[in-house]
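Take a look at the structure below.
Going by the order they are written in, the chains are A, B, C and D; count residues from 1 in each one.
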């Protein structure tokens, strides 16, 4: 390999920059040139590439978002688009590509792999819903961001004796909602992986009130329903008045936590090593504390399971 | 004075606990007994009082919310309610009251003052919209909370080349929105004190895009309109697609900033001194860096003006 | 089991309170009574016990330090002391004990186990140097605290073109130093597990300067040598002027990170379950992402190895 | 004015970058060119200047340290150096200079003013010890940084029942120590402006212990004596065992607080306006909540007084 490229794609996640830095420095360490593709696959199609040097990736490890930016690309979803992308890669003499992103980004990468181009993925999403890796880049930071927000809301909830519903990200996965519920000592959690049992939730609220608990927090993953919808149902079913907070985009931003900065550094380096050693169609994965390379296809072929131990914990510890 | 009471009322604000601690310790320092009234005027009517001691207010200076809790009281708005409150104060041998809260709480306090009971206020609201004092307790903390959130959103905005609308608290006042716009380098700010000039906003967005600015942040005080409404108008008027974030209740919570912890400590002590020296119907005020006691009535008789220097700054510095 | 006790011992670590809460609530969930022993083994000898209830452990999950406090106990190191402790446990009708602490605390626990008393440990130390568990409670929080500090120091280092030595905790283990070096993008790291190679360090500094790097950060684990000592050697050997910062006790405090709050909740629950199921002489362990119970003796019989992959990363990524 | 320059000098302080951005954008807003001088007066002598544009100062408002860097300059202290500096300013067609720094930097600026060059200062130091302005840039951020550190240390202090001495910056001024003592609820504070009364301090410690207070925090400004020295005296005089923490350089770094970001923005704009309007030998000052221009010479001719109200508060509130 003489020259590789790195791009970030899909929704941005904290520590994407740390991953880009790690890929770039690991490459330079081996005397491989690196270019950054701006705005994901769309930028690749447009040939929007910039050289990455030792110093141009200096100081980015702590920055939120992605300096390479990211974008959706309709064109890249069509076969012509993919072929054009391959031509661009060829035109710029690029021998391998590291894609930092989520499952949608990996499906795109797979198209390139299928056509013979070497691609290694680095899983990055605050949802942590990529099978094959125990953790994705950005999840730990988002978890801490949400925890801080929930702690602030608890101040108000307990001062006003109120019931609060906090809607967090997670369209199809409840990892963020579940871990933050445990970490914050929330009373209830609703995740897409489990059916909503409103009568039971109302029973618990009733029981809590009866024994003097004057405030409660419900953590709700957006994939279950909207917060205002749940508030309506709680009012209709049990007469419970609640306040809602939709955390929104603050969950994606911020300087990476220590865990994420380390994870992104390890994954970026592992991805580069994989490329150099001839791997393709794989992603860097954190499994049982160590780095491995696993098939990209796990991202869309397998469904990552919630840890039921944590579901039980919320139940048990919020008595 | 042998025994005084302190209560928190209205919306909770960071550093209310620091104020309660300061009132209590300042009283105890002068050998005056202190009781805390729980849940504001409602608790007063119910006689829900607890003794405050040196140690019971230890360790609360950094806690968000209010350990005394707060509540709305319909009863206290009626003349009978006020008379009952006076009877409770008498029943518990209370010679003076410190009310920590906003303008609604001060109007309530004024009713007691009118009937001859000694009350001193401590202005606390994250809106900073109380005339007579340059700063209210909680404003600086909320400002920092919002700034942190805006910084996170900027990460995403710049990664995705997006226009973001961030809705912050402020029904009738734009202090929070304005200061956070300056502090975060936001491109635009909309406050209730100024008419919305949508064509001009669209012009500025147009000009910014033209010279290559790919992302922008608009800080919107909730009193102007809802964020989704503004998003709709931007789309209709100028074809601008935007994302919205409504910060909500996280703005009220959190451990106080250093400024707020100091301000609350100073105000609590000043209020107690005022009471002891026979003042009533006044509030502790931060004016030009110093502590003063000013009439409570300023809170509803005067309107605090926005600093136009800051409005100009947003314009000038976001070029 | 009808009644169990929990104590915290040794140096305090973030999330100890979250562990205590989890032990207590898990017990109450199973209708087992819980008492908290104050000031570790010393408090046990003195019979300084307090009942823990659902609500008395409410709101402590986010608090730094330990509400049960901790202390050294000379008495407990002697056989008589251990027998007295057993008598106290008997006197208070305690059937099992959870010890939250580090290896010293576990050795103490082992003495009780040897004499037939049921004890389960929860490993808590910011050093993460307990074999048998991948992570100890408090490590992740301390890592983030140190990372924040290093980021602040880098601001000054780069503004003044300076070389900084940052001394972090770790008498016998370099886990904290190593992970923070990776997470912060520090240029060098010195850990007790590796010999100091001063000429090589000077070579790297020399080379960095030559290619224009005007500032550098060295992370030093306290167990290697004191920061001022290293500064002296760098000056003598290579003529390098440096500034030093000794982070000290701030590393132990603070509200737990999300990871630590979850880990402590899981470990506390696992320890209680272990006790109930008749286990003794074991500790809750985080292994490969899951909860296990492993022999307490691993804490002093095995040495936990540094991850050499991370040592290589510091080298590779700080080019 | 057609072209102005801005430099940062002396010790770095948070929000220096926000000030540089504000100076630059305010100038560009008026169609004035701006250059940044790197490494303070030393860089000026070397002609190390870079153009500042709308976009080159974009995104720096939140960054700690100073992107222009700072350095000491021995040469600039001599008359020849000052003349050379004037020649450089002439050579680069610079009509006016904004100096962001502390009193030492302002004395240097004064030499240029004396020789007829237009200079306006922006007071920036975490010590807040510049007379003529109620607040300097960086103070509020440092205060919050120190407060966070003290809160962490209190966790450990209360867990271990210990007496802690926390040494903070402040060679000749106790502003930082005093405000943090109030904000953190510290039990004692020692500042350079007041003589140390060790017997009285020991009395207070004695009394505190007697009434059950098991831990205490002493905030010590470095200008009084070193922390280990005070620890020694406390041991010798009263037999008090203490732990020490020297906060060091972390106090200078970090992203600016909201207050500092606003203050720096206002001061930078005011300084530029002053220059344009023909002012020289003045600095932007925050007085009673508003912006003014005051003589630079106040910085070294007057001594800013500590607020004795705050000294009393520490006494009164730490009972």
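Basically, a contact is a pair of C-beta atoms (placed from the backbone, for glycine too) under 8 Å apart; a residue touches a chain by one contact, two chains touch by 3 or more.
Chain labels with UniProt names: A, B, C, D = ATP-dependent 6-phosphofructokinase.
This is a predicted model, so every value here is computed, not measured.
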item	value
Relative to chain D, chain with the most remote C-alpha centre	A
Distance between the centres, which are taken as Cα means, of chain B and chain A, whole angstrom	35
CA centroid of chain B to CA centroid of chain C, Å	39
Rounded Å distance between chain A and chain C, as computed from the means of their C-alpha atoms	28
Of all residues in chain D, the ones touching two or more other chains	151, 158
In contact (per the touch rule at the top): chain pairs	A-B, A-C, B-D, C-D
Chain D residues touching chain B - in the complex, by the definition given at the top	21-22, 25-26, 28-29, 54-55, 59, 61-62, 134, 140, 143-144, 146-147, 151, 158, 179-180, 182-185, 212, 255, 257-259, 261-262, 265-266, 269, 287-289, 291, 309-310, 313, 316-317, 319
Touching residues on chain A, where the partner in the complex is chain B	8, 12, 14, 16, 39, 63-66, 69-71, 145, 149, 151-156, 158-161, 164, 243-254
